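Shared chain: chain A. Partners: chain B in the first complex, chain C in the second.
Our next item is the complex of A and B:
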């Protein structure tokens, strides 16, 4: 089996406004499937990705109710990625920038997400094989 | 460990920020006395130009008390010992010369990028 790497992702985009977020989550998905240890430092709008009060909604334009719409919420994706990592012998350590959380009022995150600071980013990076920054454009 | 931060746009985080986000992050890391980094790379007029001034957003009585005002009078990041590079080609495209910039910036050309990248352990492209 190939060596299990430790990767750190620094994310900055909000949940639904950019395909960059989708790409980031897909890359993390691949890493967790391989059993890698994955660290995420969520900065700025990315701290909303695991916000626990996200709610699915109906789609009036398409005439679909909540169940039919089956809205994909990023908090559920993050939870699924954590589960995937654990199932494959890896780990997903998700750190939300505390100041970014406070100024957005999104302190309620799903279980497993912890609050941190730039110092945590540096610690994660130092303990990783590599780092990928996916910033806002 | 040394990381090179490449910053492509200034003040991207809109009105709620009073600093450029990545410059702030770099300050925080440097303030934490982590190992040396050489953050920043690409020139952006508002970050590097001595005359740059960001207009203060105001909504009735609401306005930031300390809007971003980098880099006057000097770039505090440079004062902390962080190497700050600007891309010479970007300066030329915008008609900027050395007199327009804050002191202490190091001009680099695209041809020097490989060497600059190789001198760092990680490249963070924000």
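Our next item is the complex of A and C:
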């Protein structure tokens, strides 16, 4: 059996503001579908991606209620990716930069997200086959 | 031979900056490196045939593999037959493939 690959992604963008977030989540999706071990180090605004108090909302302009609007929440995407990784024999280890979390007051993250520091990024990178940093411009 | 993956996510028309990706691959490719330029998001816009001042032909000539994310192309209504010669639509999976293969990756 081939050795399981480990990839690390460093994400910086806040939810709902950049196509980079969509692309990053697509990359993580591909890797977790393959059963890879995937590490994410989220820093700056990206620590809000798994923020557990995200709420769906209605769309008054289009006259849709909450169910009809079916608003995509990034916390649900992160949870789904964690489930996908586990289902395929891999793992998604999501580390939120604690300094960035405290600055933004977003300490309530979904289950499975852990708090870390830039030193954890170094450890993740050291333990990975490769790393991709997707920084905000 | 070192392998490089340069991911270009910005439209060179709008960014108002020197084309970092182009300069980088131009320097890397002749030095006996295997270089892939993967265009994604608005980075696919200059890949259209006829896009002013954005020919990729010189990059293809020096051996750069130029790929354009098929999802980003579809989002922007760009069909594969409207791409410049030498640019191939590709799934985002290629990025994961290259990462696993150990390519040095830079996102721009």
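Convention: the second predicted complex is superposed on the first by the 134 of 137 C-alpha atoms of A that agree within 3 Å, B and C clash if a C-alpha of one lies under 4 Å from a C-alpha of the other, contacts with A are read in each partner's own complex, and residues count from 1 in each chain.
Throughout what follows, contacts are C-beta pairs under 8 Å (C-beta built on N, C-alpha and C of every residue); 3 or more make two chains touch, one makes a residue touch a chain.
All of these numbers come straight from a predicted model, not from anything done at the bench.
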Partner chain(s) touched by A:80 [first = chain B, second = chain C, both, neither]: neither
First (chain B), second (chain C), both or neither touched by A:34: second
Which of chain B and chain C A:110 touches, first, second, both or neither: neither
First, second, both or neither for A:135, with chain B first and chain C second: both
Chain B versus chain C as contact partner of A:20, first or second or both or neither: second
Contact residues common to both interfaces of chain A (with chain B and with chain C): 130-131, 133, 135, 137
Chain A-touching residues of chain B, taken from the complex the two chains share: 1, 3, 8-9, 12-13, 16, 21-22, 25, 28-29, 32, 34, 122, 124-126
Contact set on chain C toward chain A in their complex: 7, 9-10, 40-42, 69, 71, 92-93, 95-96, 99-100, 102-103, 105, 107
Parts of chain A lying in touch with chain C, wherever the complex brings them together: 5, 7, 19-20, 23, 26-27, 30-31, 34, 36, 129-135, 137
Residues on chain A engaged by chain B in the complex (per definition of touch): 10, 12, 43-44, 103, 117-119, 121-122, 125-126, 130-131, 133, 135-137
